[in-house]
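Before I ask anything, let me first share the structure, which is written out below as structure tokens.
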Amino acid sequence: MNDIETKLRETVKRLLADHTVRYVIGWEATRFEDKTRPAFISDSADTDRLVWNKYCVSSLAKYALDEQHSEGKIGICVRGCDSRAVCRLIEDKQLLRENLYLIGLPCDDKEMNICDTCTHRNPVIYDELVGEPVLERQADRFAMVGLMEAMSADERYSFWESNYSKCIRCYACRNICPACNCRACYADQERVGWQGKQMNTAQNQIYGLTRTYHVGDRCIECGECERVCPMMIPVMLQTRKMLKDINEMFGDYECGLPDGRAPVLGEYTLGDADDFM
Amino acid sequence: MSVNIKEGWEPKILAFCCNWCTYTGADLAGLNRMKYPENVRVARVPCSSRVNPQFVIRAFQKGCDGVLVCGCHPGDCHYVTGNYFTRRRFMLMKKLLEYNGIDPNRFQARWISGSEAAKFRDTVTRVSEQIKELGPNVKFREGRWS
Amino acid sequence: MMKYSYFPGCSLDATAVTYKRSISFVAEKIGMELNEIPDWNCCGATCAHSRGKWLALALPARNLALAEREGLGLDIAVPCASCYSRMKHTVHAARKDEADRKKIEEIIEMPYLAKSDVLSFLEIFALPEVMKACKEKMERSLASLNVACYYGCLTARPREITGGISTENPMEMDDIIALTGAKPIEWDFKTECCGASHQVDAPEAALPLIERIFRNAKANGATAIVTACPLCNLNLDMREEEINKKSGTAFDIPVYQFTQLLAVCMGATANEAGLHKHFYPAYDRINDTLRRAGA
Amino acid sequence: MEKVLSKDENKALAPKIAEQSGVKLHECYQCGKCTAGCPMAHAMDIMPRQIVRYMQLGMLEEVLECKSIWLCAACGTCYDRCPHRVDLTALIEALRHEAKHHKICAVREVDIFTETFLGNIKVFGKSQEVILAGVYNTLSGNLLQNMNNVPHMLRHEMVKPEIHGVKDKEGVRRLMKAALEEDDK
Amino acid sequence: MARIGVFICHCGTNIAGVVDVDEVVKAAGKFPGVAYATEYKYLCSEPGQQTIKAAIEEHNLDRIVIGSCSPRMHEVTFRKMLMSTKINPYMLEVANIREQCSWVHTDKEKATEKAIDLTRMAVAKVCKSKPLFPDSIGVTKRALVIGGGIAGIQAALDIADAGYAVDIVEKEASIGGHMVMLDKTFPTLDCSACISTPKMVEAGAHPNVTLRAYCEVESVKGYVGNFEVDIRQKAKYVDHDTCTGCGACEVKCPIKVSSAFNQGMCDRTVMYKPFPQAVPSKPVIDALNCRKISGDGKCGVCAAVCPLKAVNFEDKGEIITEKYGAIIVATGYELIKWQDIYPEYGGGRFEDVITGIQFERLVNASGPTEGHIRRPSDGAEPKDIAIIKCVGSRDINKGKAYCSRACCMYSAKHAHQILEKIPDGSVHIFYMDVRTPGKGYEEFYDRTREDGANYIRGRVSKIFKEGNKLICKGEDTLLGKPVSVEADMVILETAMVPATDISKLTGILSIGSDTDGWVQEAHPKLRPVETQTAGIFLAGTCQGPKDIPDTVAQGSAAAVKVCSLFSKVQMETSPIISAVDREKCSGCEMCIPCCPYKAITVIEIDMHEHGKKVKMNVSDVNSGLCQGCGACAGACRSGAIDLKGYTNDQILMEVDALCL
């Protein structure tokens, strides 16, 4: 029982008591010692279910989408990446800032490989901060991409082909991703002719490539897609490649920050890089 | 990934051409009876910005050996800013395709204006030769090859 | 840094004594170092390129290869327009086509990488650094001298080989002469050919070319003609008397090298500048001008 | 008897020479700017423009036998001012090589001077003005040419008795032999 | 299931010569959805269209695919034909098997295979077509003419006479352009001022014409029928409403600068009218050279002298925003800067080497020398004059590749004028060809030779000065001899090039320009006075060199195009525009920045979500503004916004059909 956990519980109890929020989304323990799951606390008596340890890894922001059309605020416990996910959803016009009460929790490194390359441990936006901000760390986000680029075209192709042949098209990566917030995903519109429903390597590759392109310029690098993928496909390697290109071609670029820089594919400059002369 | 090229195999190349510039240039090439290989099939679109990058991936999935996206020169777009978006979309898409193993020559984009009939012929000829050299495309291909 | 490999050319040791003396005087005065290429051979001039393409490329190539072998890595200074043109052709051919470069190496049996450039004396003296150095050394002025700067045809043409000065109305020599206080006049035959290549084998055909240069210079008020090439200088200087006799004209325009005027203004004696070695008497004109300008 | 253009046998040779010198004969539209600017036009039998015209029609002998290609001073004015960038200088140079190949030279003195000059280099590696003038005057028959300037040259040591040739004479000789072999291919 | 009719055209032998039409028809018959396939010699002809109509009735077809020439040629024809049948005109696809197949391939077998592929793609696409119906929007019945030369004036007068309002924007202080500078015009030799100034006055006085002299177009927004144009009125420093043009200030203005109108051959005051017959006949101040405005301020004579106090030194100019239905570009030409590219003609060092326009000013009665031909250098009357043609034209080395069309005729006119005004004078014209393509042109050329002009065939290589004579060295290529002419004055007939700031204007209007910088016409033969952009027309030399008769003809042609646009009460808009599927749109607004015409806005609508009525933000397309580029459809990830006529499923079907 560390003190942040107790402070968190008191804060939530207070918020529920004075009806600031209708309920709070946090993490609670499960019967597995090393796993937690999202918890929706609406009754101040249940606040003891909330936990804060190095197993609180799942992203909570996207659950707020269910409350898109309801009145009243809801509270969300936000680490660095969750707060960027909230920014992402606000920028994509899916959530309104005034409907959210963000409880900031400086992240203490959850031993996930994505956390090694995390550049925003402290929440970028919050209404209330529980605990002291931690030191930010510089990280080379695109090191792995560099390694991949060094391989030959055929090597890269066989790497991705073997990976995507494992994909079972469960769409978990789409469902967890805060950038994937379309009402009608292209993958579900088989009659329009976008994407087949068959589970074969080619279609999986097409799905992987299209999803990468769709979220590439808005990805907040939270790594959830990789975490939830049952088949352990390195999905982040794809989106990070696109972010690397964007940084090289259109100036350094990080998504989900409150500065609200518009997505790169929605704007242009006259002097853009151009190999098509 | 070596594939034995059956003799007499002809590459199938899809070219998205913008109606106001490249398609006019292609017609002008016809008007001047210029000659170029038969491999390119042109799909007319009002502006190069109409081409959704998904169409390109779709073409490779369904069996095209090469895809070409052509439009007006930046600054000359009939719809003023259309090709500025095309430029960004396909500069990123081209690098992503190469990153996934597609040979750089398989997907190309070119700015060809309405009066550059010769440039259209040369581009089509060069792309056809490059794709003929690369042989049929098996990457991302759904159906009989994969 | 004013350091160059130096290719004097055959005429400097012979008829172009005035150019040779004034170059060494001026070079020593402004501290320009000219390292003569060891054991250089004749560049072949007009005869080589009218006999055969590879002969025309190979002869200058040997000199360029020798300069390269010295390893100084300097550009090559060439006073004569004809040698300059032939060497520029070789450098251009070698740089443009790798196969030609290899064939040239085969013929001259020496490695030649066409790394260093070839510069005419005009291009060198027009450099701001050299102009400044000359300006500082000016002691006397040739104020009242009206000078027609004659560039000749090969220093400027063909454009893509020399890549340098304007082919119709260059100003480089005009700027250099202006340093001496003399007035470079506006005239129209700056780059018209003087027919030097046919001076020996078709003299009567080449004579009118020289006459019209003198006539236009005189019509525009020139009291002296200045050249930057031993061949042009010899051709104009040696024929002036003959033209006056044959066509009854009364041209009285001495022909100098631009380095002679620089040398005179830098304090050279008549002998050091070679003013007595002209076919057409040239000493008095300089002497009177200096006196009038109160030297 | 008029010239039957369609039957001329070396009609193919003219375009080959033009192509060798990088000239596209069809580009010339006979505007006459080259002749107008040519310094030696007054002494030529057929005008530079007409040289291109003869080549366009494939009439090669008339060009090889004319004096013009020998009187050209290779000053480059025609190429510099030509509205269609026809390199007449390179064309005339190629025609000289072709004529030399067929042993035709309408202006004897130019051939003698060229051979003497090249002979001079073959022997000394450098051009010796005295020997060059001497040999040329005897071979060309006009013995007293430029003799009036000799006293002046002697007085001002413009011409010196001692010979300053190249040390590696053998190298220059081999070079010239190899180059000429390449040219005569 | 669709019932598609496929019609393959022979186009005489243009298609049938290379493509095996019967083979294509046989293959087309087997495509899914095709109910009837046939071929015909000339489908675009009247009988051709009849056979299609008959086949529609007979086989109860509901979609048409036509394999023929480029859709850019006859898609409109076939759509018009379908209007008289039960099929919606947009249920049609054209496969381009001529310009992009038979004309560009030689291998018959491969060309036929390609034609089959192209037809299969068209059939696949038409399967997904839906009937579309054009909308209509209002047209602002007001035209804008950019450029006040004779082309602009003619166009403006024709539009005004047709009863519509028209504005002329002219960047100089007066309309008139180059024509008003000329003395006489060929071939009839009537005086240029006598035929152009009445038109200028008429334009100045016409109730429907608004003159905006000393103005420039800053920006153009909108589209055909609804342009919104910002016009910068440059600061005139004179209030033209109160000013009566009495000219008192012009006389008293102390500072003189070189007159651009007289090509720098005389001076004008800083408070100036470009020329006496200027329209509007009121002066402006040339601010850069005015001592009061940009000098030390110690002047103001004009303000003091002006009886009506019309001078205002604080004038800052203004931006006027106007709505227009159509725009005519008539910005004219300029002469090439020969001094920079022809050093061999003196490069501008010789004062007596002048251009054609400078000679026009010399010989013009209202010119600097009141019509007496005088040399600019010493004012003496030149006896021997040389005229050199094609200076800058037909010269890929230093100038332009094209021929400037009018110089052959106006050089003959110059020769005639010289021989008329200087009886004992002589004229030598150096030419390569004399091109006399118009009515009465060849006779004019004959008369000029009759007057005594010497025509010498050959281009001049060099002009140089000896004494006070200009020596032109040429060759008479008919003689085969070098010749030279000693002239007192030389006139260079220089090439026409586009006006210097034309690239700025084509950028503002986003219309194309060709490799030489001339404004690009929609089709050189079939649509010479239209540009690629609907509603923007062109007239005169802005499109390429031409003489006055052609310029005036184009002026009237452009005017008729504008009038036909304005004659309709409403303007039909193309139905090929975007539309939003509100079920799919998540309101992410990614499409909005992509629209060049700002046609997409966000609206709040009521939707049912899980049984609850909710308010949702979705995108909405303004059918009037949308021009059908499809940039939004290319940006939408879920395919919620789509371009009718080129919908996602249509293109995807086309791609699939290609790869079968």
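All chains are identified by letter, namely A, B, C, D and E, in their written order; residue positions are counted from 1 within each chain.
Keep this in mind: contacts are C-beta pairs under 8 Å (C-beta built on N, C-alpha and C of every residue); 3 or more make two chains touch, one makes a residue touch a chain.
Note that this is a predicted model, so its numbers are computed, not measured.
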Shared chain contacts [chain D and chain E, defined touch]: C
Contact-connected components, chain E excluded, all else fixed in place: A, B | C, D
Farthest chain relative to chain D (centres taken as mean CA coordinates): A
Result of counting contacting C-beta pairs for A-E and A-B, higher pair: A-B
Closest chain to global C-alpha mean, per-chain Cα centroids: E
Distance from the mean Cα position of chain B to that of chain A, given in whole angstrom: 35
Centroid distance [mean C-alpha coordinates] between chain E and chain A, Å: 53
Centroid distance [mean C-alpha coordinates] between chain E and chain B, Å: 31
Intercentroid distance (Cα basis), chain D paired with chain C, Å: 23
Where chain D touches two or more other chains at once, by residue number: 42, 77
Residues of chain A engaged with two or more neighbouring chains: 186, 194, 265
Multi-chain contact sites of chain C, meaning residues that touch two or more partners: 167, 192
All pairs of touching chains, each written as two labels joined by a dash: A-B, A-E, B-E, C-D, C-E, D-E
Residue ranges of chain C in contact with chain D within the complex: 10-11, 13-15, 17, 39-42, 44-55, 57-59, 62, 103, 106-109, 153-154, 157-159, 167, 192-193, 195, 197-198, 200-206, 208-209, 238, 276-277, 279
Residues of chain A that touch chain B when the two form their complex: 148-149, 153-154, 156-158, 160-161, 186, 194, 196, 198, 200-203, 205-206, 209-210, 212-213, 216-217, 238, 241-242, 245-246, 249-250, 264-265, 268, 270, 272-277
In the complex, chain A residues that touch chain E: 69, 92-94, 181-186, 189, 192-194, 214, 262-263, 265-267
In the complex, chain C residues that touch chain E: 166-169, 186, 188-189, 192, 215-216, 219-220
Touching residues on chain B, where the partner in the complex is chain A: 1, 53-54, 57-58, 61, 74-75, 81, 84-85, 87-103, 108-111, 139-143, 146
